[in-house]
Amino acid sequence: MKKHYSKKAGLAPGTIVHVGEARTERPKITLINYDRNNYEERVVEDIETCFLCKDSSSVTWINIDGVHQVDIVEKIGTHCGLHPLVMEDIVHTDQRPKMEEFESYIYLVLKMLQFDDATAAVTTEQVSIILGPSFILSFQEDEGDTFEPVRERLRNSKGRIRSVGPSYLAYALMDSIVDNYFIVLEKIGEFLELLEEDMIENPTPEILEDIHGIKKEIIYLRRSVWPLREVISRLERSESPLIEKVTMEFLKDLYDHTIRIIETAETYRDITSGIMDVYLSSVSNKMNEVMKTLTIIATIFIPLTFIAGVYGMNFEHMPELGWKWGYPAAWIAMLLVSVSMLMYFRRKKWL
Amino acid sequence: MKKHYSKKAGLAPGTIVHVGEARTERPKITLINYDRNNYEERVVEDIETCFLCKDSSSVTWINIDGVHQVDIVEKIGTHCGLHPLVMEDIVHTDQRPKMEEFESYIYLVLKMLQFDDATAAVTTEQVSIILGPSFILSFQEDEGDTFEPVRERLRNSKGRIRSVGPSYLAYALMDSIVDNYFIVLEKIGEFLELLEEDMIENPTPEILEDIHGIKKEIIYLRRSVWPLREVISRLERSESPLIEKVTMEFLKDLYDHTIRIIETAETYRDITSGIMDVYLSSVSNKMNEVMKTLTIIATIFIPLTFIAGVYGMNFEHMPELGWKWGYPAAWIAMLLVSVSMLMYFRRKKWL
Amino acid sequence: MKKHYSKKAGLAPGTIVHVGEARTERPKITLINYDRNNYEERVVEDIETCFLCKDSSSVTWINIDGVHQVDIVEKIGTHCGLHPLVMEDIVHTDQRPKMEEFESYIYLVLKMLQFDDATAAVTTEQVSIILGPSFILSFQEDEGDTFEPVRERLRNSKGRIRSVGPSYLAYALMDSIVDNYFIVLEKIGEFLELLEEDMIENPTPEILEDIHGIKKEIIYLRRSVWPLREVISRLERSESPLIEKVTMEFLKDLYDHTIRIIETAETYRDITSGIMDVYLSSVSNKMNEVMKTLTIIATIFIPLTFIAGVYGMNFEHMPELGWKWGYPAAWIAMLLVSVSMLMYFRRKKWL
Amino acid sequence: MKKHYSKKAGLAPGTIVHVGEARTERPKITLINYDRNNYEERVVEDIETCFLCKDSSSVTWINIDGVHQVDIVEKIGTHCGLHPLVMEDIVHTDQRPKMEEFESYIYLVLKMLQFDDATAAVTTEQVSIILGPSFILSFQEDEGDTFEPVRERLRNSKGRIRSVGPSYLAYALMDSIVDNYFIVLEKIGEFLELLEEDMIENPTPEILEDIHGIKKEIIYLRRSVWPLREVISRLERSESPLIEKVTMEFLKDLYDHTIRIIETAETYRDITSGIMDVYLSSVSNKMNEVMKTLTIIATIFIPLTFIAGVYGMNFEHMPELGWKWGYPAAWIAMLLVSVSMLMYFRRKKWL
Amino acid sequence: MKKHYSKKAGLAPGTIVHVGEARTERPKITLINYDRNNYEERVVEDIETCFLCKDSSSVTWINIDGVHQVDIVEKIGTHCGLHPLVMEDIVHTDQRPKMEEFESYIYLVLKMLQFDDATAAVTTEQVSIILGPSFILSFQEDEGDTFEPVRERLRNSKGRIRSVGPSYLAYALMDSIVDNYFIVLEKIGEFLELLEEDMIENPTPEILEDIHGIKKEIIYLRRSVWPLREVISRLERSESPLIEKVTMEFLKDLYDHTIRIIETAETYRDITSGIMDVYLSSVSNKMNEVMKTLTIIATIFIPLTFIAGVYGMNFEHMPELGWKWGYPAAWIAMLLVSVSMLMYFRRKKWL
């Protein structure tokens, strides 16, 4: 939950300060340059190397893994004419997904999600995409990403992705992020199913923590997913010349996907609170069973012990003690008491 | 809950991959061809056979049961000029109900529901309908369907269904699906009533699972039903020439039906949470009764046992033990204690 | 909850099938004919008798109690030119309140409510009203109705109701139905007050069922009342020449009434869940009291019984047993233990 | 909750029948007449006396305390040309706050609230205000009111209130009612704070009733306050010539006040349910403590009593009984058992 | 919660009365005067000193700490031509955040928040900002503020803040207030994390109070934050010439920040109720454990004690007592009973 806001408080707006965790040691810059016929991909050391490509007739995609070295972001940002507030947001990794339209570029913020099976936690990574007239800039916090299939398609295919412009590439990147949400949701769904089975069989206090944990993860997940809907719907309705017509139809499909993701997240939230309710009831039921056991044992033996106690008294004048059949009679009395108690419990359906 | 999203992640959009379970072995293709005077129905082996009929002046309805063999969908889709994203959605059986308007056809996705009495589970089947200028394509996941009455009406009647065009047939198909929702809701309603009776009589932990189960089914049901409202309202407001004027009025009626279904689903949801509350209270009440029994027995006998214990002590100098009426006096004391306890409980209304 | 939907599934739309319970043996047809100066009222045997009156210059009101004999509805409907879907809805008694505007008539569905004091249940009866240019058709499920005061006013007064046209009569009928809602709500309010008193005094499990029952009734009530708001607001905004200007102002007043009814229903819902919460707490409080009693008795006597047990042991070498003051000393020890326990409980505020 | 709706059911709309409680014996009519220079105030016996003043060039304010004598309302209403439905609503004291615009006057209904400290109940009084071109009519149910400060300002000041027209007076009256809401809310806030303190210290069942009671009061309060927002916003947006321009700005301020009142009421509602939750938890915590006490005492003494019981047996061959150190050894065994139990409880943090 | 509304009730609108607590002894007036080249800052004793500066070509910022001395507010307000209702609101410290546009100035109300770590309470301070054509007035309740970084930037930088006009300064002030919200939220987040850890380890009743307390703080926080969204969005959409174009883009950024703050507040509210649920379950779990311990001990020893009691009876004819192996046999019986009980508990998974 810690976001180190204090680091930023009081600074002038537009000051470029990295907020978040540095997840890589050194930012890695990948430069991809392609048109219908050619494809070039290389890792560059120096951000200045990319400057040349940006304005070529081919499409240039510069991907930067790691935003903690703010000077790199500042250099490429300044070169591409980004607004200082945009640069500030790129390195401030606590943005909500958003879309901002400027005259010569569109700025997109999305969240890349990963579900960690071991801890049942969702980790979030901020991805910023700048869609320019002939280039795409993408900024990630960490190296591992969901863009690999896109790169693979760029390398191999000569199809749509190579022939349309940068807006289709931007769509493809967003699509790969959103596709990954389905996988995260699938894993959460499996986790919930496991939880459900465990819970009914054996509602231990550990399950309580698991339910609370997954509930929180779903709350955070919703925060990443809800604004996405607006982002894509605004892209779709945008009249920016940066978005080619052919991309539009695919954006509609992407919008559909986000709706489905939101609905699934809402469903999981409902199911989680259902599980919580069942857990609480299971605990009550367990308690009930424990109490019944105690009550049955206690109410049977307490009267018996009383009878035994009576004939353990030391009064000199206790006629029963002298009777020949006194002892068996006491046993019979005790048997009668316990049998009638058992019958009472059976009638109450406690046995 | 499993949806095998991972199968699709990373593929180019428009790639036609079946997502879901193959429910039939071989897709079954039924071709119906009719106009005001003629009616022809046959099962065809090969999808190409249907190509001839599509453009005849009569209405052609091609129904395909089973979408897991993607090549069939691809062939007929390409022949009818469907958008690749539409074909992708037809074989991806996790769509939400939706309506997409294209220039030469309308694409509809609906969910066919079945309530399984044995498991109290709702099973969902995706139905895709393509409404073209003189043809209807319908895709189902499985063979059994709710379209039989529509076919029956086509075969027998010479009425409206035979004289209006394909838009009325599309309406009739949707109407048969929606009509079936009422039956599913009716069954859920009966299940809830049984649950309610059981619960008050005997709130066992099994009922808890039943409540949780039906709650989840209603959550899933709502996901199928809510978007339907928008689908039909958009159809109604559509200005597509594909929808004849006479169909419009019937769509208004269908819209009414969906509203009623949504309201009933909401009512059931409210009632289910009401049942959950009552269940929890019943468990508490049961616990209360158990505790009362224990408390009454224990508080009556514990003092008595104490009295018996006192006169079981072995002190040499215990004057009471030598008294002639000591033993009866002890009994009287014990009786007094128990009677006063019983009176106290009666005053508290515990008996 | 049973609605016999299955009866209708698969039939062609516009098929006139009675859905619901037949509440009367034979439909009763009442024909009223009036203008500023004349008033005629009679029960007719045959629906055809009414055909003559319909187009006279006076206002004709045909009221039919019982819709299970579909041929009557069909005859009068066909004579008045009603749409088949309207006739279908009249005999299908599970409509939601709605208003449908046709060229030559307006079709209104409302729900007449009755609160049964004995079972605390709300019974619903569907009322369909057809407002034509010079006639009103009204269809009820049962004979007893809330229209009697309207008839009384028609018979006696020469005021507004006799001088304005059929739209004012339609308003008067709706007003009498809505007025009756207030009475139903008043009775529910009284029931809730009784429940509240009972509950705090003596939270028995029967009250739980009562709360759950009234909660369900309020849920069903809301379903009848909420759509009414839209019905009347649409009537008010309608530009149909069938609605005279003088009626309009009265519709505004009626709209006000429905808002008040909706608000009261919402309030009752909130109060009911408040009562449920208090009930649950009362049960917990009762349990607490039971447990306290047990705990006080048990914790006082268990140590005492132990002391008595110790001196009931049969060791040969137990010096205390031979002491002269051993027995009184044991009593004093026991007294001290019990007094200190009582003081502990008093300090904890359990006594 | 009783509203005597039954009194009205079946009457023709526009019938003037008093609904509610008669709170004064005889209605009191106060006539105030003022302009920039003159001020006249008197109590009149007969409503006809007021007729003369109504059309003078000065502003006339007729205040009537008590609406149960319907003839007074009818006389003045007819004289001022009020619609019959307006007169009906004035004497029907169960209106929701509303604003109705007529050609020559505006009709306003508001609720005057009083918080009764003794019973922690909010009492409601209906106030109807008629804003005419040169007069104000105000109807209250009871004599005591919140208008006294307005009268005081009229009497003393020569400022805005005397120089602007009747719309400003209407505003001043509404403002005095709304100002009073703040006082009611403040008292509810204090009551909630007391409740909170009590609850954590000593959660008695009486507090439960208090929470439920105040919750209900807040529900009723909301019903008076929510519609107010719309009333004032509609007044503000009204283009009626009856509302002077200078009044408009003050209405905006009043609107602000109602928003604040609504927000405070919502906050109180949230806090009340928070208190309910804490109450329930406190009850559980108390129970826990009771159970712990019982468990500790019982689990310590039950084994000890068993040991004492063993050596109280009367077998002839029990070697321990003859041992010299048998008795002290038994004590040591009992001490060991109780010490180990205590250590176990300490480890569990129950002590 | 106390707001002393009673102080104001009945006064004429526009009467300037301080509502709230006087937090400083004497209001402190700071006058800052700057343009691109010059900067002057001083504390003035007399508000009249500021009058000269207001209309200079440079930007004048008059900051007043303490609004309880109403004459100061009145003097400067009158000098700047503020509406009486604005002056009333400045000294009435219970406003909701709002924005009011007048012809020659914009009036803004915001809330400055501080989180007190010791009491886990959020304290609120009202800040009023008047944005005029060449001046800014700011009113605070107390001396310590979050404006210091803005002053620092004014003093040092020659950048944007010195070259743009008063609208940018107003933005900078609002930004510093909103930035501070992030810090408050961060602290609440940390508090919630601590609470969560504590709760699972040891759910004491104190934690209950903490949860309730923080829940209330979040409720109050939301009241300060929600209206902010509208304030800034209205500023953004305002067409007032007072707001320079360059400021507009920064306001969009500020709007983004408020959305994020609102979302975080909502998340915290959800998490708090999650924590409450877990707390309740933990209490139940603890109770369960206590009850299990009692039940195990009691159900093992009660039968044993009964057996011991039987052979403590004093019947003359009890053959077992005379048996040589009677005593060991009793022990064996008792061992068998306890072992079988333990096995039963293990099978139930209670051990």
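Order of writing sets the chain letters: A, B, C, D and E. Residues in each chain are counted from 1.
Here, contacts are C-beta pairs under 8 Å (C-beta built on N, C-alpha and C of every residue); 3 or more make two chains touch, one makes a residue touch a chain.
Not measured: the values here are computed from a predicted model.
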- What's the fewest number of moves from chain B to chain D, given that each move must go to a chain touching the current one? 2
- Length of the shortest touching-chain route, chain C through to chain D: 1
- Query: Copies chain B, chain C: same or different interface, half of numbers shared as the threshold?
  - Reply: different
- Query: Can you give the whole-Å distance between the Cα centres of chain D and chain E?
  - Reply: 26
- With chain centres defined as C-alpha means, what is the inter-centre distance between chain C and chain E in Å? 43
- Task: Send over the residues of chain B in touch with two or more other chains.
- Result: 280, 284, 287, 291, 294, 298, 302, 305, 309, 312-314, 318
- Query: Draw the chains as dots and join the ones that touch; what shape do you get: line, ring, star, complete or other?
  - Reply: ring
- Message: Around the ring, starting with chain A and passing to chain B, what order do all the chains come in?
- Response: A, B, C, D, E
- Flag every residue of chain B that touches chain A in the complex, lowest number first. 1-6, 8-13, 83, 85, 94-96, 98, 202, 205, 208-209, 212, 215-216, 219-220, 223, 276, 279-280, 283-284, 286-287, 289-291, 293-294, 297-298, 301-302, 304-305, 308-309, 311-314, 318, 320-327, 330
- Could you please specify the touching residues of chain C with respect to chain D in the complex? 146, 148-149, 152-153, 157, 159-161, 172, 175-176, 179-180, 182-183, 185-186, 189-190, 192-193, 200, 249-250, 253, 256, 259-260, 263, 267, 270-271, 274-275, 277-278, 280-282, 284-285, 287-288, 291-292, 294-295, 298-299, 302-303, 305-306, 309-310, 312-318, 348-350
